[in-house]
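Input: a single structure, listed below in structure tokens.
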Amino acid sequence: MSTAHTLETGGQVATAPVRHFISTGDHPRAVLDAIVDRAIANAGARSTALAGLSVAMLFFNSSLRTRSSFEVGIAQLGGHSTTLEVGAGVWNLETIDGAVMDADKPEHIVDAARVLSRYFDAICVRSFPKLKSLEDDLADPVISALRDHATVPVINLESCLWHPCQAMADVMTIRQRFGRTDGVKVALAWTPHIKALPTAVPNSFALAAAQFGCELTIVAPEGYDLPEAVTAQLGGATVSHDQSLLSDQDVVYAKSWGRLDRYGEPPADTLRDWILTPEKLGDAVFMHCMPLRRNVEATDAVLESPNNAAYDEAENRLHVQKEILVELIG
Amino acid sequence: MSTAHTLETGGQVATAPVRHFISTGDHPRAVLDAIVDRAIANAGARSTALAGLSVAMLFFNSSLRTRSSFEVGIAQLGGHSTTLEVGAGVWNLETIDGAVMDADKPEHIVDAARVLSRYFDAICVRSFPKLKSLEDDLADPVISALRDHATVPVINLESCLWHPCQAMADVMTIRQRFGRTDGVKVALAWTPHIKALPTAVPNSFALAAAQFGCELTIVAPEGYDLPEAVTAQLGGATVSHDQSLLSDQDVVYAKSWGRLDRYGEPPADTLRDWILTPEKLGDAVFMHCMPLRRNVEATDAVLESPNNAAYDEAENRLHVQKEILVELIG
Amino acid sequence: MSTAHTLETGGQVATAPVRHFISTGDHPRAVLDAIVDRAIANAGARSTALAGLSVAMLFFNSSLRTRSSFEVGIAQLGGHSTTLEVGAGVWNLETIDGAVMDADKPEHIVDAARVLSRYFDAICVRSFPKLKSLEDDLADPVISALRDHATVPVINLESCLWHPCQAMADVMTIRQRFGRTDGVKVALAWTPHIKALPTAVPNSFALAAAQFGCELTIVAPEGYDLPEAVTAQLGGATVSHDQSLLSDQDVVYAKSWGRLDRYGEPPADTLRDWILTPEKLGDAVFMHCMPLRRNVEATDAVLESPNNAAYDEAENRLHVQKEILVELIG
């Protein structure tokens, strides 16, 4: 419920702006590195860093890992969390500024942001894109409204554009496997899927890989580009349509996403030959944010291989998110 | 799980009846005043008053503020809460005495009340009216069954008839703004809405305003009366259809509710000119229980004004409910 | 998050297999007796046995008692729980090995089991039978997959076949009423219902009654048999279609279940004369796992009788489950 950190300086009290965690790109590498360092050092530790504090977990969409890892992590830090599911137990929220609210949404997100800020010390929110209008989704309306109107830190649990907690766990996993991130060869490998999925996970993984000095290659079928707002931040990433590059990588990060030029449409061509197999991967470490559709995105054999680091990534969500919370409100 | 407070008197042990918080009208002003005093004094404090205790939060309907503020408040008191959503994760509950239960409700509320009393130290319940039969709703069947069959304190999170925790937060907000409640001029101002809403909030606000010595005026269109069972308890409240009275008030408490003589029917006349604007309010403090439909009940300008005390009301839910819990089970 | 108990023996470290609680039949009577002993001794006690530990509560189906009693019990032991509802807030889970996952279930239970094991110290799961294929349900696919793939203890909150926590509370209730279980005459009495219910509760009650030395009689209409996989474990239980045997019992355990030979079909004959009444029960203690359909399974008079031990059973869920948790992870 504190609205900002106060810094006492020679008798004066200055108020620092509220710090959020919406994209890794909002923070310098030194801050991100320190979070990963502490996550590795403190993995499994219990503390009282969040004693007396409460965190809101606001879900517009489903979750298994995110919800579990945050609730457990907050408990391991001695804090309290409340999980709120919008539209199921919690009022539907209007996101349009100036709306005449005479339809099915009885509460405005501006008001929800302000009210939640009165109860909670941080607000974590998951809000996927609606996949109807690319322009609307690029504005990331829910997380933007919370950032603008909440008076406590906002943590992104996956928005239209970014999934920074996942990317931090991914980077931590690379650090664990290779002892470093700089110069590690990572491919972001497109996989088949029955739906046109959002780009938040590939956006954040690609951005974090670039920030942490990885050598990034994006391997995807023609037409499967990431948003320009993202690729503009990636520096010298290679883009290729050639799956044979995968076996030459240290890490293959598998993920499906939809075409931006046929936004939200179910895939016309299922491109099932883009499924990942042990043969395509060679010795590369396999990573995936999960949930994963077995035998569509990757074969059972990939999942059962010792090169599969997806469970470590999932575990690292817990460790790294605890340090993000401590960084912002601990 | 204690079924009643025990009072030790000269070697004898007497059992006091279980105390509930169903309407402010069940408690003398001195008790209510003391709760508000403590809520103001202890705002933001952490304690162990509920250490080792568990509170059930039973929702038949949606909630944002109520759920958040209770869960956070219980945590700040060192207690534990379990949130149960009836019909979504929890069995549907039959409320009719003697029913042959061969339809869609597998559990009787009498049995749920008794069982929850074995697990929890208090039961908080939200159950809105069904808005089909005024007579049925005036009997307030869910909260009445819990009161009659639970053996631990029952706290009303908004029933068909009353929303006493909201009213206590409202009174606290008036105290904060004016340093007193006696003689403060408050108007309960009807607002437009797309639905016929329940009267629980205006009932409880009007009753609490009367109990706390406010000078109450109800300003509503013709035909929009509150239930006689409520107005009979209000003493000398003024009733008017004249919106020009609003600018002459210290406080304008905005709220929509439906006609009792066309019970539950969508409004035939939307009466959009009853929307609240800065012009109508003048210098009066604006209050609202939220959620609020912007630009239907009140304009954005009202919400963005420094006279808007609705966020304070929401925050005060947290503070005052903690003291209600401590009063009953702390 | 510990994957197994480690036993230090003379400088060597051996890893014991993970212990689950899936059926009472998996554990010798001495272990079960000790759990009941401790549940009686520790009823109502608070401790820090689970301090720093987190328990997942994974629900594929609704619950009131199970969810409440586990959440409260874990809190009374100083632990933390996270309640996850599959398909409502949590991804739907595929249970078929080797499935090509291109339908409506985005995550495989094998992966969920492994991921939850990274976050939680135990996984409690409720997964009712689908009641479409007896053969499929007898394989108990969800709990079996969790047992096989989780690396932390799995506790059964009612599967297709078993409800062991209920049976432990039942045995505890018999112990409280009679001071013993050996030689107590208990009837498992079939009751009418509008649906074909699963056999998990009667299976587990019958098995536990046999394990604890009760004299068991199953009284049900012709055609209402329990699965052979269960009855094979019951030793010398009597089976009868004669309701007049009930009044000769110490305990009548009421429960409805569906015909196995018309699996999942709504009852053709409602057999309403199998409703339990005070006359049929005589002096026998009435037990039921709840929820109970009043005036369909048993009359209001049975429920309101002092011989009704169903509320004690519900309360004992709390006490006995705490000791099961302490046994496995405390």
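Quick notes
Per-chain residue numbering starts at 1, and chain names A, B and C are given in the order in which the chains are listed.
Keep this in mind: contacts are C-beta pairs under 8 Å (C-beta built on N, C-alpha and C of every residue); 3 or more make two chains touch, one makes a residue touch a chain.
All of these numbers come straight from a predicted model, not from anything done at the bench.
Superposition of chain B on chain C using C-alpha atoms only gives a rotation of 120 degrees, nearest 5.
Two copies of one chain, chain A and chain C, touch each other, and the residues they use overlap weakly: the shared fraction of interface numbers falls below half.
Averaging C-alpha coordinates per chain places the centre of chain A 38 Å away from that of chain C. Multi-chain contact residues of chain C (touching two or more other chains) are listed as 88.
Here chain B touches chain C in the complex through residues 1, 52, 54, 56, 80, 82, 84, 88-91, 94, 98-103, 106-108, 111-112, 114-116, 118-120, going by the rule given at the top.
Residues 44, 46, 59, 62-65, 67-69, 71-72, 75-76, 85, 88, 194, 290-296, 300, 303, 310-311, 314-315, 318 of chain A are the ones that touch chain C when the two sit in their complex.
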